[in-house]
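Each chain carries a letter (A, B, C, D and E) given by its place in the written order, and its residues are counted from 1.
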Amino acid sequence: MMATDTSIAPEGETSPSGGKPLMSLKGIRKTFGSHQALRGVDLDIFAGECVGLIGDNAAGKSTLSKIIAGTHIPDDGHMMLRDEPVRFQSPADARARHIEMVYQDLSLCDHIDVVGNLFLGREMTKGPFLDQDQMIKRAEEMLARLEIRIPRLTAKVEKLSGGQRQAIAIARAASFEPDILIMDEPTSALAVAEVEAVLGLINRVKERGVGVILVTHRMQDLFRVCDRIAVMYEGTKVAERRTQDTNLEELVDLIVGKGGH
Amino acid sequence: MSTTYTERVAGSALRDFVTDFAQVLSIATFFIICLVFFGTMSDVFLTPANLLNIVRQAAPILVVAVAMTMVITTAGIDLSVGSQVAFINALAAITISAGVPWPVAIVLMLAAGAMIGGVQGWFVSYQGIPAFIVTLAGLSIYRGAALLLTEGYSIPIRDADGFLWLGRGTLLGIPVPALIAVLVVIAGFVVMWRTPYGRQIIACGSNLEAARRVGMPARRVVNSVYVLTGVASALAALLLAARLGSGSSNAAQGFELQVIAGVVLGGTSLMGGKTSMIGTVLGTLTIAVIGNGLILMHVSPFFTQIVTGVIILLAIWMNTRLFTGTWKIGKGASNG
Amino acid sequence: QDDGKTFALVQINQQALFFNEMNRGAQEAADELGVELVIFNANNEAFEQNSAIETYITQGVDGIAVVAIDVNGIMPAVEQADAAGIPVVAIDAILPEGPQAAQIGVDNAQAGADLASFIGENMESEEMSLGVVGALNSYIQNVRRDGFVDNLPEGVSVVNTVDGQNIQDVALNASENLLTANPGMNAIYGTGEPALMGAIAAVTSQGRTEDISIYGWDLTEQVIQGIDDGYVKAVVQQDPAQMGAEAIRSLNTLADGGEVESEISVPVTIVTQDNVDDFRSLFE
Amino acid sequence: MSTTYTERVAGSALRDFVTDFAQVLSIATFFIICLVFFGTMSDVFLTPANLLNIVRQAAPILVVAVAMTMVITTAGIDLSVGSQVAFINALAAITISAGVPWPVAIVLMLAAGAMIGGVQGWFVSYQGIPAFIVTLAGLSIYRGAALLLTEGYSIPIRDADGFLWLGRGTLLGIPVPALIAVLVVIAGFVVMWRTPYGRQIIACGSNLEAARRVGMPARRVVNSVYVLTGVASALAALLLAARLGSGSSNAAQGFELQVIAGVVLGGTSLMGGKTSMIGTVLGTLTIAVIGNGLILMHVSPFFTQIVTGVIILLAIWMNTRLFTGTWKIGKGASNG
Amino acid sequence: MMATDTSIAPEGETSPSGGKPLMSLKGIRKTFGSHQALRGVDLDIFAGECVGLIGDNAAGKSTLSKIIAGTHIPDDGHMMLRDEPVRFQSPADARARHIEMVYQDLSLCDHIDVVGNLFLGREMTKGPFLDQDQMIKRAEEMLARLEIRIPRLTAKVEKLSGGQRQAIAIARAASFEPDILIMDEPTSALAVAEVEAVLGLINRVKERGVGVILVTHRMQDLFRVCDRIAVMYEGTKVAERRTQDTNLEELVDLIVGKGGH
């Protein structure tokens, strides 16, 4: 049933640093009802690199990402963070370990304003009270870095455009010094300039030593930021390539199962 | 390099079934436990006479619960049903006492129920006022109207044996109110399960804007479910009047909570979209069975309220743990 | 004719004939005396009664009559009224020691006991097993239940007590279950109008009028029918209209600076087939 | 080819304000209309004595409504508050009658309230049982417990003048219950408006999963709001006991609906996330004012319930039309 | 305040057919609170052509699309459908005129199963009842055409992956013979093969004479299916180009306001 790519080069070789992985997943499985979302997946993430996670729709990319972020608890498998076994019971556990995620569904609170969503779960306070002024000031910086324009930071996010909402989710995850940053299709609703800004952001955080996982269907972006690309198929990881060793056609073939050349 | 591509194997369909129907399975299990428990504790409980008794008593609640399931499925609520029952029940007694032939009175009452419900539904759907507020106002208004109509008298219904038969008679050995309730339940079930109208109700509760966007008459649908609770309340009022042989403003106090309790216990979600007509029936009957069983067991009336509450709570708790699979030992036991 | 007096009657609810009759009696007395009467319906909420009395005090009514839901809880409001120089009379429910000028009505405990001894005097068989349909949420009816149960004669046993919650259809279901639960039971006692109505509907609709005797409180048309048919044996009938009238007359006297008896009793009658004819006119 | 690029001009901020606060503005307007109307109809209405009266009478409801606002903001509900009030109110009378010094009794009662609320909250948050069912069971259980404690009678509180002062006394001319209610309201307002805890409550109601995903202790927060309704109910029970000088199982029947009505009338949404503490205060006071005003106007008791219901309904209707801008004539009048 | 591109060639010239437009918008305005979402937009759609609608995030693309679909009612402006003035009061009106839309937020009912969502508002019936069997059969065809795999058609859509959900929304809008098909970022969550399928679908429906409006941030797709491209900026249409007369760089410049060369 397991079908990981056995012919791929051993771990050390695909890693950019040759060192120990920041995070390491082994044999991750997850079943929903009768549906095997993940059928035993291994994945390493190294500090300062970006791993692209690609695959057909419903291949299990989001499920795997959520497991790393503590949102789902795997049915089976092991996770190691800096050589230490971890078992996240909730996203709070993962966040405490500096793992942040941009969710595909964004996970915003529609009834809370832009600032509030940016600082959700990490509100700035002055004494026992929210420090709204300070948060607004920082929020402006956070959004400016993503080149997104939001006229009224105290407007509820409910009414914002798709791209504006996505930018908020990205700014929230990226702004609090994560060690591991998981981005599940972060640029799907963004316009050209904003996509550039996000790709720039990824390259910047990589330089700071952050390990990034980028789930995306935009193949051309992979080659601009990723060091390594993992391909998923029907709940398994079927291949892993260094970006410099592969090309678009190969990846597309791998995704749809015409791989293995 | 060669990679091995394999397709997923579909797991047991039973697991999907259990997941999809967790709430109904849970209330069904608990219902059966209740039957067994009270059956063991009291000789009388499982006698046909007593079981028919329970269904007859539950009939007015069941009838309204069917319509309430639809209202709650649209993410609405109707708190006014008890007051509507009192109002129509009083009006029916007055109408029949005034000499209007009872079949005509029945038609008039059902029409009055539809009208009352229609007005409330209009405020909810076309005016966008929260259903809770509209029907809370209705709760006050119709109870007041019932008071005003009867001035506190309970108005006897005489010389209308056909009418009283509705509440007290039997057909093939089965109490008429029970038969009527069963018909209403079947109709409600079929509507929700397999008709475009039922689909519209679910869609409006699941995502009202999406329902509107696909061209459904979303407002009309939302309006209509309140018409249904109105008609159902009128029918329940007729059943009650026929059973009591009188109409009184005192009838059906707290009725709304009983009805809603049955619906919610059955798994229909107050947040809309999630619905189960079978669940409603089981939820309503469970509450009726507990009430009946405790009396049969001679539990002191000072304890009945406590015991009823505790049983309901523990039941739903036990079943949540059983069917959502969170009872697995060790990891995965908590979901966060 | 109009000397501008206003009296307030703070009522429990208006869903029983009893209270409405009381209101009617009070209104008739008020009309007779040429005073204004305002009635407040608390819908069974004790603290609403206090709020209403406070409001009437601010408004400066000339007297307040109250049918208390919570006899202890009403006292602060009664004291407040007294402090404001407004006379208060209590109807039906007996208030604890306090500044109220008069207590009008029935001794519910005593009347309950009277009904119990009536049963003792008229028992047809040695044994009677009796079920009680009560209203645990009504203080007055609890008093009636205890007064009755505590004074039951030899040979009468209470097999079960159920709570009709002072709501007819609840009482009906409770009565039906009572019948089912106790196949050997041969009598029911209903502590108030809704309870009695529920018991009657249960007994008639289950065709048990032959073997069940019903006792209770408060006449209605259905009860009279039951007495005529023979299965309702005896019912305590109060004279609520007179209670209301007495209350207003007392308040009027008090407001004029006069004095009234501290206990104005409005006698009850135990209605049976023998004297039921006297009461038919009430319901015409 | 040359194209002209211009930036949008920001429109009037007032429009945003009106849109953002439509519901509060609407209930505030209506509250003022009520004040003016009853002030005109009755000489006594606007006297300080009567106004203080109203606040004192509304105090127990206000206290619980503040906590209820938080519960409803999490998309929950607490139907058991009335029964909790009855239970604690009876318990308090018994405790004080038993000779426990009243300050100790107060602390015990508040702790009991917290515990009751905590248990209910645990079922809701950690066990995932719908709040409606849990607290409906609670409604039954605590009312039953109160009945059992008192056996249906009321228990007088004697020789505890300090305690009774809580319900009847004044401080600087203002009734103590009113002062307590004002303090609770201010605390509630500040918490919801400007503290991380308030933000967590809103987040849990708006998108529970999102709140969890950003690392908020979502379950603990949901649990905690029920602790707050428990404590608030205990406080309300103490105010009532002190005002009535007795404890009774009959206290606070239908209290839950009054509380919830005030909250919902004030614009807090039963679907969660949308909250307004000021709205809650105005909504609760509006209902209190209508009750008081109708008494002062000597409206026949047969009509009060009808009139109350109609006023509430028409008020909210008028205001919905006024503030949502749908009153624009012609096109755009309908939104679909 | 109006800032449409006045130097552009007149209508007839940008139209592929030279005929009358299928739908024509003039001076469309829409304000939300203090925010001018649209400040007077003109747009024509011709039968058998695909118009690309691009622009920065929050430019007003979705708002304009929703107005055409009857979801929003414009504050001002005129709409003509086949030379006849129309004023939609609701999406039902637009749907009655065979205008279908794929919404950016998908507008699915989470509590209804896949089949139910596909046929939402257009359920197949047998007598008074839903014809579930028939619907399942047709649903399989609809989804197969988009190359999407959904194992259980009676599963609630709530639990599906992002791409699966999007495919359902597309299949729903495209399958009922629209005259005008509006697609608001329909491929944002789709994998490579599925995107191809959607582009193929667009070309197929164009051939049948359908007018398509495609809102997208994926510039490369524009050149594969669009005949004409309209660029929006801050609530106005700032430019309109025939696809064959423009290129990627020009479009990107137009979007960010560096246009007008």
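Here is the rule we go by: a residue touches a chain if its C-beta (ideal position, glycine included) is under 8 Å from a C-beta of that chain, and two chains touch if they have at least 3 such contacts.
Here's who's who by UniProt: A, E = Galactose/methyl galactoside import ATP-binding protein MglA; B, D = Ribose transport system permease protein RbsC.
Note that the structure is a prediction, hence the values are computed from the model and not measured.
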item	value
Set of chains whose contacts include both chain E and chain C	B, D
Minimum number of chain-to-chain contact steps, chain A to chain C	2
Most distant chain from chain E by Cα centroid	C
Maximum centroid distance from chain A, chain identifier (CA atoms)	C
Centroid distance [mean C-alpha coordinates] between chain D and chain A, Å	43
Computed distance of Cα centres, chain D from chain C, in Å	34
Touching two or more other chains - residues of chain C	14, 136
Multi-partner residues of chain D (at least 2 other chains)	8, 10, 16, 147, 151, 212, 302, 304-305, 336
Set of chain E residues in contact with two or more other chains	34-35, 71, 90-91, 151-152
Touch relationships between chains, expressed as pairs	A-B, A-D, A-E, B-C, B-D, B-E, C-D, D-E
Contact footprint of chain B on chain D as seen in their complex	75, 79, 123, 127-130, 132-134, 136-141, 143-145, 147-148, 151, 212, 218-219, 257, 260-261, 264-265, 269-271, 302-310, 312-313, 316-317, 320-321, 324, 336
In the complex, chain D residues that touch chain C	42, 44, 47, 49-50, 53, 56-57, 60, 147, 151-157, 164, 167-168, 240, 243-246, 248-254, 291-292, 295-296, 298, 300-302, 304-305
Chain D-facing residues of chain E, complex	1, 3, 5-8, 31, 33-36, 39, 70-71, 73, 75, 87, 89-91, 233-236, 238-239, 254, 257, 259-261
Partner chain A, residues of chain B touching it in the complex	1-13, 15-16, 19, 331-332, 334-336
Chain C residues touching chain D - in the complex, by the definition given at the top	11, 14, 36, 38-41, 43-48, 50-52, 54-56, 58-60, 69-76, 96, 136-139, 142
